[in-house]
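Structure incoming, see below.
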Amino acid sequence: MTWEAIGWYVIGAFGLFIFLSITVMFLTWIERKFLARIQQRMGPMRVGPHGTLQPIADVIKLITKEDILPSWTDKPIYWLAPLAIFIPAIAIWVTIPFSETLVLQNLDLGLLYIAAISVLSVLGLVMAGWGSANKYSMLGGLRAVGQLISYEIPFIMAILGVAILSQSLSLIDIVNDQSAIANIIVQPLGFLIFLAAGLAELGRTPFDIHHAESEVVGGPFVEYSGAHWAIIQLAEYVNTFAIAALIAILFLGGWSWPSMPFTGITNDFLSLVWFLIKIYAVILLIFWIRGTFPRLRIDQLMSFGWKVLVPVSFINIVFTAIIRFYNLHWSILTVISLISIGIIFYLIYKTPQKSRKKDSIRIISAKDAVNNPPKNYGDINVR
Amino acid sequence: MEDQANKTTALNAASQKLLGILPSILNQPTLQYRTNIDELTVNLPGDLVHTICKILKTHTDTAFDYLTCLSVVDYEDILEINYHLFSYTKRHKMVLKCELKSTDPTISSISNIWRAANWFEREAHDLFGVLFEDHPSLDRLLLPDDFEGNPGLKSYPLHEYKEW
Amino acid sequence: MKISENINESGSTVDMLINMGPQHPSTHGVFRLVLQLDGELIVDAEPHIGYLHRGSEKLCETESYSQVVTLFDRLDYVANLNSELAYCMAVEKLLELQIPDRAWYIRTILCELNRISSHMLFYGVYGLDVGAMTPVLYGFRERERIQSLFEQVTGARMMHNYIRIGGVKEDTPPEFNENLHAVVLELEKAIEECDELLTQNEAFLARTKNISCLTIEDAIDFGVTGPILRSTGLVEDVRISEPYGIYDRFDFGIPIGSTGDCWDRYYIRMQEMRESLSIIKQAIKQMEPGEVQAKMRRIVRPPKGECFVRTESPRGDLGVFLVSDGSQNPYRVKVRAPSFANLQAIKHMLEGVYVADAVVILGSLDIVLGEVDR
């Protein structure tokens, strides 16, 4: 490798880092604004027009804040944990392309690299949980690991389904392969699995179990403050952006679907915009889910992961492989996927221990009840 | 519209009925039954409280399943414990009163009859220093463990307290 | 203590003691729960209360009868008017006062509104407890409307001191009826909106259905009252078992659950808001102009005696035991706080559930620590 190439890598990495930082600032703003819209309020309005400078104010606040080190912490682990969360979050971006040429380094085994790197950030969560010497952190860190083993298999399986369709692990190849038809139409099931597993990987509602504020008070991050906390937050949003980008690349056809009737620089620019629009659509979907969903319990996530996502992702892979092997038309896979989705939703809807009807609540007329005391417990007069 | 709203100064029908059957159920000739506004009130000696509460709860005609309130009133030399009882199935209510000497406020706990009594008794112990025998854990409830004195008592100074 | 001390020499694990509170986002005040955990499972739970103990009952003994109302505002600070009502009813019972009709209608309308605002708060924070962040803002939006209405009537948003012995402080302002009507219409819509947002949500059902099912027998034995008791299936409401005020003039329903789980407790409160609205609407129709304060002496001096009054506050059976020695100050005031008795059952409910459920169960009790600790 020449010095020139190394120079370009350094510049590229630096540019990527700057880009991601700015994106994260924008994401925090857009999340607050978007949630505020859902919740019928204004969101940040004070700093800059419509609060656009709020993220900058936040960054300044976080950096200038005192960085507190609780006295019982396991010091090296405690300080290294934010880095262990942050580095994988950035490293994953090495191979995520923005267009055919705009990528730091396209890897032939890009998907494998992503699947491998994305797991690493959990190590940081466990380190933070242990190092903080706080029982809530500890619970949160262990929850993160418990979560990992239940979503990681479907996560990889969903990626695998795409790889089988495209016959490649390189992200650029996968995008180009979708120029005719996007994977979300061929594999709606795979898309849903990836979305669910991705939300779990991000630790976002309804799977924000490891840092659940109302239960473990922020989980592994309880004790962090100032710049270290900022780094953790940065990593979290970078991850959100990465998962959204992956969904756009793997399932929404990236920049190539539907293909643009332009050429040259116009095409490059417009397809980049098109790609970003897709990413932000996915991000808004994630924020929307955050605004409306309660949190699941850790055992519910695990049983959802193992009893629903894992078997379903195997079904997805098997049928994809069959279609691919016998060169059948893709619409057969669509139909199979849709049928499976229907069955899954029906099964979830019919979960036996939850009677869904509201008629477990009866309304007794007060006028009747005044004169009729219950004969024995459970004796009722229905209005 | 006549105001049922404002006045129920007499026993209601359910409590009247209770007054009729109570002497035969309790079978304690020495007890005095009186009416206080709309409540049937019985004064009990301390050693009878547990037995009578048990009868009142388990007997099918009284069926006092709900201990509404347990309160202590400090009359300087006497601590009066009030048990307010209510029955969900019969909709009648009554008050048991038990007077304890404030020098030796000891009474048997009824927390094994109504579990509701547990915290009420702990509170009474906390604020008034009443000792409930056979209570599972008679610790301080509202006040810190190392608090001294029983602030519910009339003898406890209100405005000359020490900052804790 | 370092966490590593929890691992003993033989390598086997020991239970972890964890302090939930007094500073924890979902203990609804300063309440401390010492949990003994085996992994995520709760082995044992020990509630500690008293962080907000202000000696209200003792303070009542030093204030005159009409001053005590302000202390009752500060007991259940979410449903202030309901606690004021309970105290005033107790004094009126001793005084054998006749309260004018209009005063009762105003009291009933305001108390039922306060019940709705209290349940709206519950709705919001229960959403937070299960991890949904939007309900709290919807709940507070409605609570805000009710509080603005209170402000017009009582002059205060929370500490009203409006219900007085013998009636209410003053008649409602002229624009009250119009504003009340608007609020009722808005609430009607809002309750449906809130219902749609959370009630049938899949994750919410998963978190609350069949969690901490309380049997009727246990509930009664623990002295649990209010929505939690009704969720177990017992038809009980002080408004029907010992009717007070003018509740016998209204046709309203009592929501009764069947399983006693957290979802039933939640949905009973949603239904109660609807029933409260129906009471308010009937009261608006029946209300006529008139006096709002009974004829009585300015200095309240009830005769020697004692009485016990039960009312149905949003949290359950709020009782006031009042002893008078004939002087200007009450001799003894004992508050039978519903949250206090409801909270007793928490130890029983928390056995063998997950930590995450502990939050959901505690939230479903809807405690107000001002009332628990008094």
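Quick notes
A, B and C label the chains in the order they appear, each numbered from 1.
Everything that follows uses one rule, which is that a residue touches a chain if its C-beta (ideal position, glycine included) is under 8 Å from a C-beta of that chain, and two chains touch if they have at least 3 such contacts.
In this text, all values refer to a predicted model and were calculated from it rather than measured experimentally.
When the interfaces A-B and B-C are ranked by C-beta pairs in contact, the top one is B-C. Chain centroids computed from C-alpha atoms place C closest to the centre of all protein C-alpha atoms shown. Averaging C-alpha coordinates per chain places the centre of subunit A 39 Å away from that of subunit C.
Computed from the mean C-alpha positions, the centre of subunit A lies at a distance of 58 Å from the centre of subunit B. In whole angstrom, the spacing between the mean C-alpha positions of subunit B and subunit C is 23. Shared interface positions of subunit B, defined as residues touching 2 or more other chains, are 88, 91.
For subunit A, residues that reach two or more other chains under the stated contact definition are 373-374, 377.
Multi-chain contact residues of subunit C (touching two or more other chains) are listed as 220, 234, 236, 241, 243, 248. Partner subunit C is touched in their complex by these residues of subunit B: 1, 3-7, 9, 36-37, 39, 65-69, 71-74, 82, 84, 86, 88, 91, 93, 95, 114-116, 118-119, 127, 140-144, 151-152, 154, 156, 158-159.
Residues of subunit C that touch subunit A in their complex: 2-3, 16, 18, 24-26, 37, 40, 127-134, 137-138, 141, 197-207, 209-210, 216-217, 220, 233-237, 239-241, 243, 247-248, 250-259, 263-264, 267-268, 271, 275, 354-357, 359. Within the complex, the subunit A residues that touch subunit B are 373-377.
Only residues 49-50, 53, 55, 57-59, 61-62, 92-94, 96-99, 101, 104, 220-223, 234, 236, 241-246, 248-249, 305-308, 310, 317, 319, 321, 323, 331-332, 334, 336, 340-341, 343-344, 348, 373-374 of subunit C touch subunit B when the two sit together in their complex. Those residues of subunit B whose C-beta lies close enough to touch subunit A in the complex are 88-91.
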